[in-house]
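Next up: some structures, all given as structure tokens.
The following pair of complexes shares a single chain, subunit A, combined with subunit B in the former and subunit C in the latter.
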Partner chain A sequence: MHIPDGFLSPQTYLPAWGVATVAWAWAGRGLAQRLDETLVPRLAMLTALAYALGLIMLPLPGGTSGHAIGVAALALIFGVRLAFLAYSGVLLLQALLFGAGGITALGVNALALGLVGGAVAVGLRRLLARCGDNVAVALAAFVSLQVSALLIALVLGVQPLIAHREDGSPLFFPLGFAVTVPAVLLPHLLIGIGEAALTVLVWRYARRKGWVAA
Partner chain B sequence: MNRARAWLLAYVAAVVAISFIHQPVALAAGLAVALTAAGAARWRLLQRAALALLLVNASVSLAYAGLAWWQGRPLGDALLLINLRVLLLVYLGFWLVDRVRLLDALAGWPVLSMIATLALGQIAVYRRLLDDFRLAFRSRNPAPPSAAAMLRHAGAQAGSLLDKSLHDAEQAAQAMRSRGAFDA
Partner chain C sequence: MKWLPLLALFAAATATAHEIRLDVSGSSATVITLHYADGQPFAFEAYEIYPAGSETPGQVGRTDGRGRIALLADSAGEWRLKAWSDDGHGVDRKLTALAGDPAAATAPAAETPRAALWLGGLGTIFGLFGLLQLYLGRKKR
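This part shows the complex of A and B:
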């Protein structure tokens, strides 16, 4: 669902880059102390999985594209800060190697998918802990994907309002909220089921390996 | 500053500048300059960029054209502007990656370099393993396989992918440990 280059106005992506830079500095603080030879391989493995998931895209007329993202699994296993950093790296690689996403949109994509998506997944799993592990993880993954999708839809939908010519013709992404919100959200309700199932599988794998407390 | 880093910074500056240009003619001129400067690689890069943006931009452009037609609004040059800008930006990204090694360009940012190194290593592992599985599955199924066989194959493949990539990443991390990468 990440936004490609050329769809966002400077009024949107420049402030987003500013916020993302502060968030990256926060997420990277004390990173050297947290990383060791046991954590790094696990992080690398799930980061590559998130990368692969992001490339299996379904084009959405009126949106950008739909796909699972794997951020919930990263965040639940490694925490929001590491998930945000790792997913930002994934977005950068996808943008430069495949033209999926982009440099100008990196700030918005990283914040909406990596930071907010990760935080929602972790927060919701804690809230739903009494529902049982599998249910809590599945719901956390499902809802985090929907929240990220909604944010992306809102950012896209606001573009014709803030960046247009005098005659009203759009300069960047051309479709408004009325189109982007349903176009992005509805397919992600279905994709979210896949994301939830995948996150539960990865979570159970991580628990079996002893990466997370049972 | 190394050459790769200079290219990366020039690319970022160009990308930001392009987002302030709202004339299709100026964007087309920029694309023509970039094509000329890319030398022999130009058509390969242009084809790659066009294919990359086709997936997303075609659906968005069609949706916008349909909406404008339904509302009786003129299309103007909005679609030309948006598609030209995206094509130029994607082309520049591919040109950058074609000209410089990404890891050299990121060398000044240790965290980013480490994540990129590990992720690129894992991606290579995934690609190799997927190729092996695909070829093995094809050789075992001279006739088209059933849905159940494909599902079993996908499950086995997913499990192997996770185990194999973890094993490889562990080896990479041990190598990094022996070279002092985790020493504070």
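This part shows the complex of A and C:
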């Protein structure tokens, strides 16, 4: 669900880069105190998992492809700040090495997937804590992916409205909300089930290893 | 009344202007194939091709079932291909084309095998975190 280069107008990606820069600074604050020699290898492992997941494309009904992202697992285990930083690095690598997502779109992708996705996962798990650990984690992962997907769909869908030629023809991504919202969300309902299952597995592993508090 | 046949003849002549005719001829084209990283074709998706230096597309359409586009470049230079699916997958890439020489068209493609890039990315992640670990270890001492 990463947005590639060339699909977003400067009116979109420049402010997004600005907001993301502030968010990266916020996430980086206090990082030195938070990181220790036991945390770094764990974070490295789950960051690598998120990177790998993003490159394993699964064919979906309708002729499209999708992949899990692993942000919920990162956020639930390490918190929103670390998850956002780690996933931003993943997005950067995927854009530089594979052209999956773009450099201009990095701000939007990082905010939608890393920051909002991570925050929704953490917030929802807390809200649903009474439902039991597995259910709370699964729902948190599922919903966080849908929220991120919805944001991506909205950002794509707004492009024809904010960036077009005098004759009204779009300059960047040409399809509106009526197309992008169902086209992005529907496949992610399916991907979300996989993301939820994977997040529960990683979460349970992390709990067993004592990486997260009970 | 004697003008009626002449009028009919004139009307028939102008009517042919609305007729679409089909000419079939053999030609060579540059074939661009779009596919997802797993090899699945980017099939039946919309695309636009902009001739070198133009902001108006010279060719629009949809990829075929195998994700292919046939381009008959009639001017040399950097052509631009935009292709997208409803869910936001797609490309916006430059293609270097030579007029009348479809085999000479190139796109700046990644030459490195995907597996090598994949491992390179993993190596970068573990390398950076390794450096961080070293830094934290030294700081502690």
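Basically, the second predicted complex is superposed on the first by the 205 of 214 C-alpha atoms of A that agree within 3 Å, B and C clash if a C-alpha of one lies under 4 Å from a C-alpha of the other, contacts with A are read in each partner's own complex, and residues count from 1 in each chain.
Keep this in mind: a contact is a pair of C-beta atoms (placed from the backbone, for glycine too) under 8 Å apart; a residue touches a chain by one contact, two chains touch by 3 or more.
Source: prediction; values computed, not measured.
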| Is this a clash or a fit when subunit B and subunit C both end up on subunit A? | clash
| said: On the A-aligned overlay, A:170 touches which partner chain: subunit B = first, subunit C = second, or both, or neither? | reply: first
| field | Which of subunit B and subunit C A:135 touches, first, second, both or neither | value | neither
| task | Spot which of subunit B and subunit C makes contact with more residues of subunit A, would you? | result | B
| task | Could you tell me if A:152 is touching subunit B, subunit C, both of them or neither one (first, second, both, neither)? | result | second
| field | Which superposed partner A:47 touches (first subunit B, second subunit C, both, neither) | value | both
| request: In the overlay, answer first, second, both or neither for which of subunit B and subunit C A:103 touches. | output: first
| request: Could you tell me if A:9 is touching subunit B, subunit C, both of them or neither one (first, second, both, neither)? | output: first
| query | Of the two partner chains, subunit B (first) and subunit C (second), which one does A:89 touch, if any: first, second, both, or neither? | reply | both
| Counting only touches as set out at the top, which of subunit B and subunit C does A:35 meet: first, second, both, neither? | both
| request: Could you say whether A:19 touches subunit B, subunit C, both of them, or neither, answering first, second, both or neither? | output: neither
| remark: Running into subunit C, out of the candidates 3-11, 39-47, 93-101 or 129-137 in subunit B, is stretch 39-47
| said: Shared contact residues on subunit A, subunit B side and subunit C side combined as an intersection? | reply: 4-7, 35-37, 40-41, 43-44, 47-48, 51-52, 57, 59, 63-65, 89-90, 93, 97-100, 173-175, 179, 183
| request: Could you pull out which subunit A residues touch subunit B in their complex? | output: 4-10, 13, 28, 31-33, 35-38, 40-45, 47-49, 51-52, 57, 59-65, 85-86, 89-90, 92-93, 95-100, 102-104, 165, 167, 169-175, 179, 183, 205
| message | Considering only the defined contacts, which subunit B positions touch subunit A in the complex? | response | 11-12, 15-16, 18-20, 22, 48-49, 52-53, 55-60, 62-64, 67, 76-79, 81-82, 85-86, 88-90, 93-94, 96-97, 102, 111-112, 114-116, 118-123, 125-126, 162, 165-166, 168-170, 172-174, 176-177, 182, 184
| remark: Touching subunit A in the complex, subunit C uses residues 36-38, 40, 43-44, 46, 82, 84-92, 110, 114, 117-118, 120-122, 124-126, 128-130, 132-133, 136-137, 140
| If you look only at subunit A, which of its residues touch subunit C in the complex? | 1, 3-7, 35-37, 40-41, 43-44, 47-48, 51-52, 55, 57-59, 63-65, 89-90, 93-94, 97-100, 152-153, 156, 173-175, 179-180, 183-184, 187
